[in-house]
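Structure, as structure tokens:
Order of writing sets the chain letters: A, B and C. Residues in each chain are counted from 1.
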């Protein structure tokens, strides 16, 4: 029988392109409901954050920050900044590019991630934030 | 009981990086089938359009257009243009980068979007288009 | 009745931004289980590969390679390269940007792709690889 199990993961971030590995909390939810086979949707409900996967190691985290700073710099003005004066136009642009969602199959009780592939939260905002990631599992449990 | 509800949203666009907020039509479909808990897949079936989320306000729309014009300019030739002579290679590249799909959980009868987070259609083509976005809901209804 | 059908597609790639059309194998899986209506999740389990959709033709493949070489060049050093000395920092960055997953509705027995829209695997690594793409279908079969 197919059932639905939804949970919210929360993360306190430092902002400023903070990159956080949420793989363990994601797997914990799968284990808690004993899902064997199904689909996971992960979604961050904010317009200055995003989700993707990467090999989570300090060098690559630095590479990603440099890449974003080069192409969507934080030290210039954006049209968006004129609206709210919160100066985070760059954060919105970055989030729009990466997107808020991931879909990951669950096979034999585990997400089908590669060995060097972690699920990461990217917080692009220009201040610390408390982030919510909705993790929804649809599938068959034990 | 889990059921599937598929609907096609249509939008008439102006092309040229037209950015359209489709959140209301998306929510309308959730309400129409009275879904309480489940998963929404949104997909645009074209290779010069894309879906993502953003805070939909004119300043940010302008920022996104400028960003794309800078990094994938519309005023140069692409290899693709030699094939069909429709001069929209830039539109294809942009769409490939953003991707055609979004996965959004539905919790307590509503999509788990943030307050300032809208679902948007990006039409990158170099002419007006009629676009179809397939919205598929899988979950439990009232 | 809603059921789940998971299959792994394998592809031998040349690496170096190899772009492979996996649409036929994806459709084959839908046909094999006779799914009429449902949702497909496609996921590549590696941190130097990605999935997206595009019009698969040689000109556009060339455009995409040039775009990536310009913005995330393969001929410079990245912080990541210092870690493992495998010199593929550029491949990781590219994969992180595109993302590993796609969600595609299945309607009337077929994926809701546009006529000129193929599902593609992007292998960014700096050597040939054997890639696995997990294709998971959730829905109603005949």
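Quick note on the criterion: a contact is a pair of C-beta atoms (placed from the backbone, for glycine too) under 8 Å apart; a residue touches a chain by one contact, two chains touch by 3 or more.
Model, not experiment: these values are computed from the prediction.
Student: Identify the chains in contact with chain A as well as chain C, in label order.
Tutor: Expected: B.
Student: Where chain A and chain B touch, do the two copies share over half of their residue numbers, giving same, or under half, giving different?
Tutor: different
Student: Since chain B and chain C are copies of the same chain sequence, what is the angle of the rotation superposing the Cα atoms of one on the other, rounded to the nearest 5°?
Tutor: Rotation angle between the two copies comes out at 120 degrees.
Student: Using mean CA coordinates as chain centres, what's the gap between chain A and chain B in Å?
Tutor: Averaging C-alpha atoms per chain gives centres 19 Å apart.
Student: Mind pulling the chain B residues that touch 2 or more other chains?
Tutor: 2, 39, 71, 97, 99, 102-103, 138
Student: Using the touch definition from the top, list the residues of chain A that touch chain B in their complex.
Tutor: Contact set of chain A toward chain B: 2-4, 6, 39, 41, 43, 45-47, 71-72, 78-83, 89, 92-93, 95-97, 99-103, 134, 136, 138.
Student: Considering the complex alone, what residue numbers of chain C touch chain B?
Tutor: Touching chain B: residues 2, 37-39, 52-55, 57-60, 62-64, 66-67, 71, 97-99, 102-105, 107, 112-114, 116-117, 138-140 of chain C.
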